[in-house]
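Several structures are given next for inspection.
Here chain A shows up in two complexes: once beside chain B, once beside chain C.
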Partner chain A sequence: MAELALENITYVYGERTPFEIKALDDVSLTVREGSVTGIIGHTGSGKSTLVQLLNGLERPTSGRVLLDGKDIWEKPKEIKKIRFRVGLVMQYPEYQLFEETIRADIAFGPKNMGLSEEEINHRVKEATEFVGLDPILLDKSPFDLSGGQKRRAAIAGVMAMRPEILVLDEPAAGLDPRGRDIILKGIRDYGKKTGSTVIIVSHSMEDMATYCDDIIVMSHGKVYLSGTRDEVFAHAGKLTEVGLDVPQITRLALLLEERGIPLPHGIYTVDAALDALRSLFR
Partner chain B sequence: MKNIALGQYYPAESPIHRLDARMKVILAILYIVCTFLCKNVLCFAALACSSILLILISRIPLRTVLRAIRPIIFIMLFTAVINLFFTKGEVLLFSWWKLQIYREGIYSAVFMVVRIIVLILGTSLFLTYTTTPIALTDAIESLLSPLRIFHAPIHEFAMMMTIALRFIPTLSEETSKIMNAQKARGVDFSEGGLIRRAKSLVPILIPLFVSSFRRADELATAMECRCYRGGKGRTKMTIPRLHVRDFVALFLMVAFGAGIVLLNRYGYGYTM
Partner chain C sequence: MAEILIHAKELWCSYEEDDRRVPVLRGISLDIARGEYVAILGHNGSGKSTFAKLLNGILEPEAGELVVAGTNLASPDLTDDDIYALRREVGMVFQNPDNQLVATIVEEDVAFGPENLGVPSAEIRRRVDDALATVGMSDYAGHEPHRLSGGQKQRVAIAGLIAMMPSCMIFDESTAMLDPAGRREVIETFEKLNREQGITVLTITHYMNEAARADRVIVIDDGKILADGTPHEIFADPGRLIAAGLDVPQCTSLIHALRAEGVALEGEPITPEECADLLCRALEGKKHG
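Then we have the complex of A and B:
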């Protein structure tokens, strides 16, 4: 297992041109080993840039990305190895499917790793289970699948490489509520079962509250807040300052509390709220 | 792949920028004709001076202008060498084995290089650097419109060009996204021999084709939803008008061409 940390990362687009933009400004953070960490922030807060630094797709303008305490850019020629250890699922990954069958596409990553046929088959099967994809679909062409199924296949393609750190940029964007839940639950399962660290980028507070242990809030290229879920959501006021909010159900619980109804802290899901309210009426 | 400038349009306030795009197309063509009218030293000197003058008027930094020449340096050198060694003349300056350099060869090599530089500078200064791609397609549509009599699909052609230009940045962004996604799955584009590299393009090209077709389909639907029915009866949001300055520019260009023709008569030395 591996620990991931960023140290004084700054990233500038189009340096020394009229279009210069500072996407990340002196970002330092540590991702807890084996946790599910959410990175949240508005469009343009630098979160998508951040994830591309984690597996060495982009090189920081200054600062270091540390994997197990070692700079990933120490040997630039071996950056490919880093990409197998830190798996990245980009936004709308279904557009990257290209093989004739879903099975071949999921196997593409493991094949590039040079694994044996047997191991590849095993991993494809395992990844398919994680994302909840029907095995019948494995021999179909990507074009015969629905949007949600394609998304799951694409995520499985990265999971099959069994990365120690799995990074996903908006894995549930544009899906219906059921599809969102299946995918996010599958991702969390992957992290818990393999002991890998999972990093999810999103702008949905609801998803973050339900599936993440730790949360990092980004704003204007800087880390605005970070900590465990409870720590971050305790700062409801600070979140609204940057145009974010605690989940609606948490807000409701807080409002009820203000009106003198004694609810426990840390209610992030409708189910939790239901339990708390039920116990009050008992 | 970030921030690639579409074309080379350089935004600035200059008399050339202000000219009507249609007039600039005509001026560029006339200027090309001028470069081919040149026959002797005087003419080429005048031509070079006119190019320098154009750069100054256009207010585009010299470095940006020179960037236009960089891609053709090889062709330039090649032409120069061919002309240098293969032009036969009267005064032999240098001879070694089968290689012979005549004075005329030197002249003709220099002339060709000046001609190529001026050709590129002229077209870039009148067209790509000072005219936005959209204005340029509009101008081409308008200049070709007489061909409608022969049922040539001018409007459709212009619309295709506009759409193509519009999608260059989109597709380049898409390409870099897909490349990153496949790199994350372990594709290495800089590794292995030719065949392996070509093979590593497959995971890029297929998704790119698929998404291009999807985009084309979506765009066509969106255009139909907005009742696009081709060029017939379509009006323009900005109607270009020719101003006095456009005619002044045309006059100057014609005068320059006439000057070149006159200089051809009074030339001395080597004549092409």
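Then we have the complex of A and C:
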């Protein structure tokens, strides 16, 4: 369990060159301990830069990344230790599998942590279950797996280190609807069963609405909106203003409201819409 | 009936694994006419990308008939020249915006195709300018591709195909790596090409809302065609799609759930606008009824 916070973070690419870009501009935020938090924003909003700061892959130009109140850059030589506590799954992680078997790949992280053989085996089994990977595949080569299976194996490899904070950049990109649901559900289960905090970066408002407790909306290097899912989706109009999509069902609710049909605010799942309409048809 | 551009009959294709042949396509039969706008749906591994790769000769059919723009791809006499000629007719845009551009300047990238065809330089200039204007990227002609957004890169890739003047364009999950704004840019670009230039568009996607915009939806499951019809016909049967690892638009799910609870609703709306119309009519009718 750990609390993660950003304090006045600014990050500048290409400082003092003609291509200088301020990717993050005085960002402060706290991620609730044990929550599943979604980060959303269009290309160039700064969200990918933000996740690379969380485990010390990048160092902020100014400001502090606080893990349990301590600056992760306090002792720069020990930054690697932070990466065991904050696990980062990059976009398309299936291209990063490199071992001869899936089992060895998932075990790579725990092995580096110096865990016992028994504990490593336990971790591999547990992570395999979280991502819904068939154990039969563990002894196969990554080359024998489909793209979706490799994605799950790569995510399991980070889960096996049991990070207190698991950060995933677009974990469901390119997957079909069933594959997407399996992965996102597994990620949420990981957070809820281990008590870890999970941070998911996504373009899909529908996925955010289904799997996240809290949502942070980034725009032009700043936090544009943040709060619980209900609070953020209550501002559907503000989301469309910055070029983000709201779930299709939220668009429907807004259209019905315009036509004078009384509906509660913040409808963003099919179930919520069903509840609201059921009473009108009664 | 318009001229048939793609004709497939009992089309089979397999790949090899440990000296075994694993069939991916197991008897696909369909015809696509010139000028159609078709979405192809299917879960990962269903065979939909394999089908697309057969259409411009990246893969070879194992059995069955396949004729694309007059080229018989199942013919034993097929030459490399035939395939190169076909690829001018049938262009393909892939998923990753970062590995389809080859030049260091946008307009040089767009010129790459026609240059290789030996098109005279004045004609290349004209085609490049037209293609960039069509995708709305004229202002970026002198830019470096790696500084563009994902949606812009995909539009440059599309311009590179337009400069070859194809009659058909295939989008193999070309929007999967883009944000909502980039996705919209790409979709609006190919819809415009379809509408204004009559280019046949095949889009392979996992986004149900994207498929709902096409004139025709083909669902591939387990290497076979599971369904083929208008979006309204296809999304009228959510159970069938969910069983195939797919989904339906949220509005469609809502209408089916209400109907399952006994609310009388007629029609198969798939967009929020259609769905709002239907619900308003039904609530109005209830008030008066």
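We take it that the second predicted complex is superposed on the first by the 259 of 282 C-alpha atoms of A that agree within 3 Å, B and C clash if a C-alpha of one lies under 4 Å from a C-alpha of the other, contacts with A are read in each partner's own complex, and residues count from 1 in each chain.
Keep in mind that, in the parts below, a contact is a pair of C-beta atoms (placed from the backbone, for glycine too) under 8 Å apart; a residue touches a chain by one contact, two chains touch by 3 or more.
Owing to the predicted nature of the structure, the values given are computational and were not obtained by experimental measurement.
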Checklist entry - Between chain B (first) and chain C (second), which does A:Arg251 come into contact with in this model arrangement: first, second, both, or neither? => result second
Item to check | Touching partner for A:Asn55 - first (chain B), second (chain C), both, neither | outcome: first
Item to check | Touching partner for A:Met161 - first (chain B), second (chain C), both, neither | outcome: first
Next on the checklist: Output check: A:Pro177 vs chain B and chain C. Expected answer is one of first, second, both, neither. What do you get?
Outcome noted: second
Next on the checklist: According to the stated criteria, A:Gln96 is in contact with first (chain B), second (chain C), both, or neither; which is it?
Outcome noted: first
Next on the checklist: After the superposition on A, what does A:Gly14 contact: first (chain B), second (chain C), both or neither?
Outcome noted: first
Checklist entry - Where does A:Lys80 make contact in the superposed view: on chain B (first), on chain C (second), on both, or on neither? => result first
Checklist entry - Any idea whether chain B or chain C touches more of chain A? => result C
Checklist entry - In the superposed arrangement, which partner chain does A:Ser279 touch: chain B (first), chain C (second), both, or neither? => result neither
Item to check | Contacts on chain A seen with chain B and repeated with chain C across the two complexes | outcome: none
Checklist outcome for this item: The chain C residues in contact with chain A across the complex are 17, 42-45, 95, 149-151, 173, 176-182, 206, 208-209, 245-247, 249-251, 253-254, 257-258, 261, 263, 272-273, 275-276, 279-280, 282-283, 286
Item to check | Parts of chain B lying in touch with chain A, wherever the complex brings them together | outcome: 2-3, 177-178, 180-188, 202-203, 206-207, 210-211
Next on the checklist: Quick check: in the complex, which residue numbers of chain A touch chain B?
Outcome noted: 13-14, 17, 19, 52, 55, 57, 80, 83-84, 87-91, 93, 95-98, 108-109, 112-113, 143, 157-158, 161
Item to check | Complex interface listing, chain A residues touching chain C | outcome: 42-44, 144, 146-148, 173-180, 203, 206, 243-245, 247-249, 251-252, 255-256, 259, 261, 270, 273-274, 277-278, 280-281
